[in-house]
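Consider the two complexes below, in which chain A is the common component and chain B and chain C are the respective partners.
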Partner chain A sequence: MNVFPYLVAVWLLGVGLYGVITSHNYIHLILCLTVMQAGTYVLLLSIGYVHGARAPIFSGIPASARVVDPVVQALTLTDVVVEATVVALLLALVIQVDKRYGSIDPDEISRMRR
Partner chain B sequence: MSALPALAVAVPLLLAAVLAGAQAVCGRRVADLLAIAGALTGLAICVLLTIHTGHGLTVYWFGGWRPRHGLALGIAFAVDPIGSGLAAFICGLTTLALLFSCRTTGVKAPHYHVLMLTFMAGMVGFCLSGDLFNMFVFFELMSVSAIALIGYKISEQAALEGALNFAVINMIGSFLFLTGIALIYAHTGALNLAQIGAALAHGGDHRVVVAAFVLIACALLIKAGMVPFHFWLADAYSVALAPVCILLAGAMSELGLYGLARIWFSALAPGLHRHTAVLSAILVALGLLTALWGAVMALRELDIKRLLAFVTISFVGTFLAGFGLLSPEGIAGVAVYVVADGSAKGLLFGCVGILQARRGVVGQARLHGRGRDLVGTGVLFALGGLFMGSLPPFGTFLGKAMIDDAALRAGDGFLPPVVALASALTSAAILVAGARVFLGWGPPLPCRPGDADAEAVSGDDAEADLAVRTPRVMTAAVIGLAVVVVAAGVYSPLDDLATRAAGRFVDVGAYDRSVLHHAVAFRSSAGQPPHWFDYLYGAGSVLLALAVAAVILWAPQRGGLLRALKTAALAVTAPLADLHTGRIGDYAAALVLGVGAIGALMIAVMR
Partner chain C sequence: MTRGRRLAAAVGLVLLVGGLAWTAFGLPAFGHYHHRYGAVAARESLPLRRAENAVNTTAFDYRGFDTIGEEFILFVSVVSVVVLLRELGDEADHPPHRERPGATQQHSTLTRWVGSALMGPLAVIGADVVTHGQLSPGGGFQGGIILGVAVALSFVAGQYLILRRLRAIATWMDMLDAVGAGGFVMIGIAGLISVGPFLDNVLPYGHSGLLTGGIIPLANLSVGIEVAGAVLVVLAELLDQRLLSGPA
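== the complex of A and B ==
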């Protein structure tokens, strides 16, 4: 087992989270979320990866061939769809924030509300 | 009959799709009727499912992918009475919320109805699913619908911020959830809960499994709004429409705990059962901390919706403490309490919705004494406050009594007084708000310019928009919720039914075998009616609530000791309130600290 992809996944999760906590721009913040999410994809795909195996499409290859795990790929794909929806929704909300406040800096907005 | 579990989710989702497609031809009335019909159908299916499941487990394999030789590849719905009962409760709550929103202003057909139906379908699917990743997908469906519903009043600034805070924090939660799922899959090669349980039964006590459990538990506790993951909740619930709040506070928060209980008992307990006592201590402590935190914040809050959001936090904390006992009696108590308390919270949010429809604002300062002519609403609101104080013999009392008994049986004698204190304080907060608004008691409060109401008054809800009479459907929905609370307390077989269902819920081996092999008999035990001391606790908590409410209302005029006491209490709890900054970054930092602390604690003790 190669430990490298797992380190990448943890790094992406951590650096994305750091971005979310320190962000001064809603769009930047949402993109940081997508970075975190990329960490979960890397984790899922590396769990199912088998060195030297083929894509899990059983046409033209013997049924006994070694393939990578298709389940985690399906999970990743499902998650891509789900999270794309959330990101689209969030960006739509940010457009509204910009229309109402003329700013997309969370700090500036909370100062305006005081 | 065999396809019932799938239909419980498919029918509302299909109806939502039809409504969304028929946007051009679908008026408000038609959308209202269709959505209510959809929710009622869901209710009927879930009730049938509960009856059909009876003493066993109804398992439905999508596409007929049944397990072979105890190996599950397909995706299953595994329905037990607790799951389908909760799903039925959610459908019932949705029905009443949709009935209530027939006359809510600012609702656009059919978008709102589509969102409500997908929200319901997500929650029902989460209750019925027997597959870890499937649970995650329904969890996300419910989150996405909730984001859109919370930010529904898109022209209001507070709604936007509430929705963004909710979305960002819950998205981080879903990454934790998914990472946990990935780790479990890596360790067991399974996603079906029963299959995971079977795999972990042989050498599942591994650090990877503990780490995965910590991640999944934190994700679900974020959804449930546990301290320190609760900051988003007050911001979000205080800006949503009243009927949406009925669902958020009555069902969604509780589902976080349901998910945790389901995943623990069905999948992870076989591997980690050695740590049951440690886990129980952590969960009970976290639950009681949350119960008290929510109660204190509710007492400090003047915006009634935000106050009810803190009440929600407090009660879900109590539920966590009850579930944290990890005994069938505790689960049974939580099940009864969730139904009764969810309905009581719905009743209170409904009253707030009526206030908003009639007066356009929800702050105690601006509403002071302006509810005097809304006698019926005032009576219902006060009743809701007393329900929260677990007034015997109603449903909230029964739930609390069952949790107390379970705690005493487990040897946690400190739990009943703490829970009674938390419920007395929340009840006092509600009674004070009710007395100020509907009776005009106590001195008038200063209106701060930063109030959420300042913008509501100048915004869309101008005076001309206000209803002259309370719409009948709103009253009907609120009374319906009150009836549920009363019925839950008066219907005597309930505690027995809940205890038997909970016995099946925690019977790990029987669940796993029933899903993977063939139906087997479940263990179950009989319930007990409340003891005499439970009545004492109930009465004591109501009396304490009345006393605290009286002190808050009249202390400033009387001066002396009581006034000093109130000033001291406000000063002591001020740092707590200062933590609720409204900034996403702060909330995310609290989340990291919480996950780190809980993770370090669990990994240290679960070695």
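== the complex of A and C ==
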């Protein structure tokens, strides 16, 4: 069980990447990218986890209580925000691609551009 | 995709996942994390900053400068979405925002009712999450999303009429976004003027309750405003496109 959360993170990254590679729809591809990034959240949070510790919010718990690492949690927050911005930008790009090519299938578009 | 490229991708994928899974066994065992930086960040949050939420203290105080950068990533991406989705030259032929027959019937009565009923409570929850960032789970980013969604529900709940007025509202949302982004920098400059270092605390830390943590609540508020504005601008732009190209 000591490595299980890390393996979950790797699996999320791998399964998301498989989706990105085989995708036939840009919107599906963007969702696969978010699955990949979910792997980084799992990795960050599981690295900072401490057995038997509390959440790092000191309301109602003694100041000396053992808590999980707040720094990786703050990093995860940054990660989520960056992902949201990336998704917004990519979706805007998909709209432009659809206007220009009338399709959002990556394979079809690369055939058209040949 | 050709067969050769598919094969190459499969080999790469197997190597990547296999390699990463192998490295997972070299990481410190799950649940046995010992790192001084994290421990200090957690332990000193309450005594030094009077802020109970150590995650929020890390994001808005210890790493405040990084969070300004993060906030500007969001700001720049919103601006990029607006620029990307501006009307292309060949779209000028058919005027945007023209009314399509039957467009008003697209929203069901149920959606309107549920949407209108949720707007108020969501706005309250969003404000609560933003203002209690230093005390309980949440903060500017999380609360800002809830606030943005509360307003965005009016797009879902509202009639086509509201969608047509989006252009006018969009200017306000742009301003919200900019005010929020600028606000955080202003807090930083206040530190520069009155204390010395950029983003240094200029307010009393307080004892308990809402007004603790010095500049942390203010930073949360400005980020909350920015995130709400960002959500709304992006949503408005994407919905605007839907109006432009008509219902699919």
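We adopt the following convention: the second predicted complex is superposed on the first by the 113 of 114 C-alpha atoms of A that agree within 3 Å, B and C clash if a C-alpha of one lies under 4 Å from a C-alpha of the other, contacts with A are read in each partner's own complex, and residues count from 1 in each chain.
Just so it is clear, contacts are C-beta pairs under 8 Å (C-beta built on N, C-alpha and C of every residue); 3 or more make two chains touch, one makes a residue touch a chain.
Treat the numbers as computed from the prediction; the structure is a model and nothing was measured.
In the superposed model, A:Val86 makes contact with both chain B and chain C.
In the superposition on chain A, A:Val3 contacts chain C only, with no contact to chain B. When the shared chain is aligned, chain C comes close enough to touch A:Ala63, but chain B does not. Of the two partner chains placed around the shared chain by superposition, chain B is the only one that A:Ser23 touches, whereas chain C remains out of contact. Residue by residue along chain A, chain B and chain C are tallied for touches, and C comes out ahead. Within the superposed three-chain model, A:Leu13 lies in touch with chain B and with chain C [touch as defined at top]. Contacts of A:Val50 after superposition: chain C is touched, whereas chain B is not reached. Applying the stated contact rule after C-alpha superposition, one finds that A:Asp107 touches each of chain B and chain C.
After overlaying the two complexes on the shared chain, residue contacts for A:Val71 are found with chain B and with chain C alike. Put simply, chain A uses residues 13, 17, 21-22, 47, 71-72, 78, 82, 85-86, 89, 93, 96, 107 to touch chain B in one complex and chain C in the other. Contacts from chain A toward chain C in the complex involve residues 1-7, 9-11, 13-14, 17-18, 21-22, 46-51, 55-59, 63, 67-74, 77-78, 80-82, 84-86, 88-89, 91-93, 95-96, 99, 107.
Against chain A, in their complex, chain B makes its touches with residues 133, 137, 140-141, 143-144, 147-148, 151, 154-155, 157, 160-161, 163-164, 167-168, 171-172, 175, 178-179, 181-182, 185-186, 191, 450, 581-585, 588-589, 592. Residues 1, 9, 13, 16-17, 20-21, 24-25, 27-33, 35, 37-39, 41-43, 45-47, 52-55, 57-59, 63, 66-67, 70, 73-74, 77-78, 80-81, 84-85, 88, 91, 135-137, 139, 141, 234, 237-238, 241, 245 of chain C are the ones touching chain A in the complex.
Listing the residues of chain A that touch chain B in their complex gives 13, 17, 20-23, 26, 29-30, 33, 36-37, 39-40, 43-44, 47, 71-72, 75, 78-79, 82-83, 85-86, 89-90, 93-94, 96-97, 100-101, 106-107, 109-110, 113-114.
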